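Same chain, two partners: chain A is paired with chain B first, then with chain C.
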Partner chain A sequence: MERKIYLDHNATTPVHPEVLEAMLPFYQEGFGNASSIHSFGREAKVALEESREKVARFLNADPLEIYFTSGGTESDNLAVKGVAWANKKKGNHIITSQIEHHAVLESCKFLEKEGYEITYLPVDRYGLVDHDELKKSIKKETVLVSIMHANNEMGIIQPIAELAGLAKEKGVYFHTDAVQSTGKMKIDVNELNVDMLSLSAHKFYGPKGVGALYIRRGVRLTPLAHGGHHEKSRRAGTENVPGIVGLAKALEIVHSDMQKEERRLKSLTETFFKKVTERIPDVFLNGHPVLRIPNTLNLSFKGVEGESIILNLDLKGIGVASGSACTSGTLEPSHVLSAMGVPGDLAQSSLRFSFGRSNSIDDVDYVVQLLPEIISKLRAMSPIYQK
Partner chain B sequence: MAYSAKVMEHFQNPRNVGEIENPDGVGEIGNPVCGDIMKLYIRVKDDRVVDAKFKTFGCGAAIATSSMITELVKNKTLEEAEKISRQSVAEALDGLPANKMHCSNLAADALHKAIEDYKNRKKKNE
Partner chain C sequence: MNKKLMPSVRVVVAMSGGVDSSLAAFLLSESGEKGFEVIGITLKLWDYSEVGGDLYKDGRCCSLEAMNDARNVCQKIGAPYYVLDFREEFKDEVISNFINEYKKGRTPNPCIVCNTEIKWKLLWNKAKKLGAEYLATGHYARIKHSPEDGRFLLLKGADPQKDQSYALWGLSQENLSKTIFPLGELTKKEVRELARRYDLKTAFKEESQEICFVPDDDYERFLREWEDGYSAKDLSQIKSGPIYDLKKKKLGEHKGIPFYTVGQRRGLKIAAGKPLYVVKIDPEENVIYVGENKDLFRTTFVVSDLNWIYIPQLEDKMECLVKIRYMHTPAKAVISPHFENVGTGLVEGSEIPLSGVPVRNKNRTTTRVVPTKSDAHKKNARASSCTPLKVLVEFEKPERAITPGQSAVFYEGEKVIGGGVIEKTLS
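After this line comes the complex of A and B, so read on.
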């Protein structure tokens, strides 16, 4: 059988078998609507509230501050648009960064069309938002700062606690998109000092289509969808009980051995980087050398376009991602690499390797063994690569 | 991403990769938005393209179209070669994904540039 190696865990992860097992009863025997008052409904309601308590515990929040959604995109939309709409009287200015996920960036662009003013903070060459730039940008009309915790493409971790402190001093709400960090490192909403935090189950071995938004008590926010009184009237719609149960179970699993897994992944990515750079010349690391989630490695292979590497690896059963124009879906290279000032040809040459629970040192060796030949074949074809 | 079997075949086994020494014409073309770059070299004898080689920095479609055009153009008269269009390259590859038709289908443009280059060189020598 052909060997398959999945190195794209930042895109999504497989559902953990114990997560699936926890979810299944709620599709059939425990199918009740959590809003119903009979026993069927009560059973679902109990599962829903137990899940909420679990999530709250892992985030060091109060269960009343956890709102379940359909995933990271909805959580980001609810935080950004919700706060903007509810606080119109105070002001119409929002601050975000140039390297956010599209769920935040496009929400901001949408608000711009509604007349809001958005500041897109620049980042340095490592991808970090500058503390002083944020400080300078906050003004009396500012209602929200939204800066992501770990970047999905580079893995860079922003100093959220410090940035959020600046917003707090000025009485401005702070949201962080923690979709990529949740499950990979400890998340404590009080240590991070944030008012809102987005997460998504399928990034940490839970099901797709379910996420959560932490909303600190007292934050004023307008819902996106109107309907029933679900989620304290902030997110109408019958709760996805099996999904929510799965989200909570997945969070429980990743927390059970988080430090061990963090160390293991860090060692895998470090070994991979060392071996790749030993065997292939002109490979560059994108993002911060240290302030990174443990599983992510973004590398540029000079002179070779990303999609052509992906296709070659795919032919060998290896799944990775790229920030090249062909794969970004926008016909332009990654906005994150551009914001970091990475030259266009190197942005085109970027590959993202994101490791996860299924990967072992054997996978590292296998990929490292195949990669040099693929790169040299493509470089021989490249008009811009000179040894 | 769904590439045709033919695109994948050319991508995996590209024909005529490389440069021609002292070529009769060179066409270089780049897509300023996505960043693909293609360089096509031709050898011309008696108004006929007798050899073609390419170097390409680009995605699967960019490499496959480059490879395909070197096959399409060989032994064609200049007049015939000038008629090879983006569409004919795509058709010869059993089609390209819609989003690749414009961005990565530069080979015909590079060929037309190489022929133009050949004609300019010829004029200068006359």
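After this line comes the complex of A and C, so read on.
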């Protein structure tokens, strides 16, 4: 059997066995509808609210501020559209950045068609949003600032507390998409000073199809889904109890050894980067050298299309990505790299390695051993690459 | 071929999601008889949102269903499967050529452009990057290596009903040496039977006949909508104009040159005692000429933009069979090297302007068309000693609707001698 190595943990992660174990009872004996009056319903309701408390604790929030959703995309949509619709009277201006996930960007584009005005803040060459640009952009019609915490493609971490502070001063809501940072680093909604925060279970060893939106008490927001009093009428629909239980359990597991895992992943990616650059010339690191989540490396291999490297690695059983899984298969270079001003050819040659719990130093050695041959073969066929 | 002898020769199979390419992949794979290491690739060439038509209409190439079906077949044979996005390239090479040809009053063969410019150029380049030694497709055609002169020959598929060699005349010697057509020896009936026997999901899928990116087969709608979305300036160039009979008597109005094809009868909106057909299109004067069925029959025409397969070059007159469109039965003709300056200037049909180098041939290493009229003499004079740039075809008996823009393919029996694009009829 061919060796298989998964280096795409920013796309998704496997469900942790203990998470699965925690979920399973709620598909069978604990199957009740959390809204039902009887004992079956009560059992589910208890599990649901315990999960909410657990999630709140890890985020340093109040359980009443946690709303379960179907995942990061829904959370982002609810935050952006929900606030925009509910605060129309105050204004129609939203500020976001050019490097957001498409769940935020496309929600903004949708609102633009509805007549909202959107400011897409630029970033510097490291991918950081400019503090002064944000300050300048806030005006009296501004109802929301949405800037992501850790970028899915580059791993860059934005100085959210500082940016959120600017919005707070002007009385503007601040949302952050923390889908990639949750589970990889400590998240404290008060330290971050945010009004809303999106997270998604499958990015930290929980199940797919479940996520949450933290909504600070007092935030005015219109729901996307109507049809019941679930989630305090902000998200109608029978709660996905097994999924929610899994989300909370996964969060508990990643928090149990978070600092240790952070250090381990940091050392793996550093070793990987060092070995790759020792063996392969013309490799460039994209994103910020320090302000980054520990598991993500985005590299450009000059003169080679990222897609060709991905396919060659796949043929060897190694799973990596270029950019985000949601946009792969398109030719346009990553919107994040474009925003960072990375030239088109280098952007086309970028590759994202995102490590996780299953990876060891052996995986690093294995990939580092295969990669130079793949790159030099592709470079030999490249009309643009010259040594 | 024995499985054991071919342990790890890698081949990329271009998969449309139909039964033919599915079986091709299966036969080449380790599950099938050939034992290659197969990689399945579907090219995403266009989007329903771009070309119009119905997203939910059956699973043609480039539909989600087609990709799901191809992926399913690859999963079954344990082959990796990828969808590659070639939409930009397809727009630049195939769709723009399609539109420009119609604008010039010609009738293009987009599948042929796609074969030479997309599949056997861009996809083949990609395949090489994946370490593949061959490219395979589900075309009904055969390739034979001729030991005497070292050439790779293209032969008709064994099923005369399905032969697709017509669409493959543009393949270079390098292409042919690196191509496998696993269905070449099979009939369509056998292909369906085998697909059923091997339980391929696509065994019962319907055939697609139309141009893939015009899913509703309404190319007028496509030209109008695409132009709309593409550039309003282009659309404004399409102007209505007169329809004349062959004596230049005005019979009616046409909607614009691009919406007519030589041989077309429907949609002319002329009341006449007898059926009338488009006989000639003059894009420069913006005139459509109509006539009776008999007026469609011609004998002599010029072919440019050539590629030779059976022979390195046409040196002299040669008797062969010539096929002038996909559904045409090849007819007896003599082909000979043709030089533009040899008194063809004022013959009927010559007012159709030279198209110059078609988009699709810009990188091919075979002979090229003279780019402009002005320097044609000079270039031909120089070329005449070695390279005939065009071919004159003289049918033994007149043939109906010889249509500029369509391909003419020259055959000797089963063998494709070469081919090119019909430039103009002479008589």
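Miscellaneous remarks
Simple rule for what comes next: the second predicted complex is superposed on the first by the 379 of 387 C-alpha atoms of A that agree within 3 Å, B and C clash if a C-alpha of one lies under 4 Å from a C-alpha of the other, contacts with A are read in each partner's own complex, and residues count from 1 in each chain.
The rule is simple: a contact is a pair of C-beta atoms (placed from the backbone, for glycine too) under 8 Å apart; a residue touches a chain by one contact, two chains touch by 3 or more.
Predicted model, so just to flag it, every value in this text is computed and none were measured.
Overlaying the two complexes via chain A brings chain B and chain C into a clash. In the superposition on chain A, A:381 makes contact with both chain B and chain C.
By the document's definition of touching, neither partner reaches A:206: not chain B, not chain C. With both complexes placed on chain A, chain A has more residues touched by B than by the other of chain B and chain C. Of the two partner chains, chain B and chain C are each touched by A:308.
Legend: residue contacts after superposition of the two complexes on their common chain; A:183 is shown touching neither chain B nor chain C.
In the superposition on chain A, A:294 contacts neither chain B nor chain C.
In the overlay built on the shared chain, the residue A:155 is in contact with neither chain B nor chain C. In the superposition on chain A, no contact is made by A:242 with either chain B or chain C. For chain C, the stretch among 115-123, 187-195, 223-231 or 403-411 that collides with chain B in the superposed model is 115-123.
Shared contact residues of chain A with chain B and chain C: 307-308, 311, 315, 331, 381.
Taken together, the chain A residues at the contact with chain C in this complex read 307-308, 311-312, 314-315, 329-331, 377-378, 381.
The touching residues of chain B, counted against chain A in their complex, run 3, 8, 11-12, 14, 17, 28, 33-39, 55-63, 99-100, 103-104.
Of all residues in chain C, only 39, 44, 80, 82-85, 87-88, 125-126, 128-131 touch chain A in the complex they form. Of all residues in chain A, those touching chain B in their complex are 303-308, 311, 315, 324-326, 331-333, 344-345, 347-348, 380-385.
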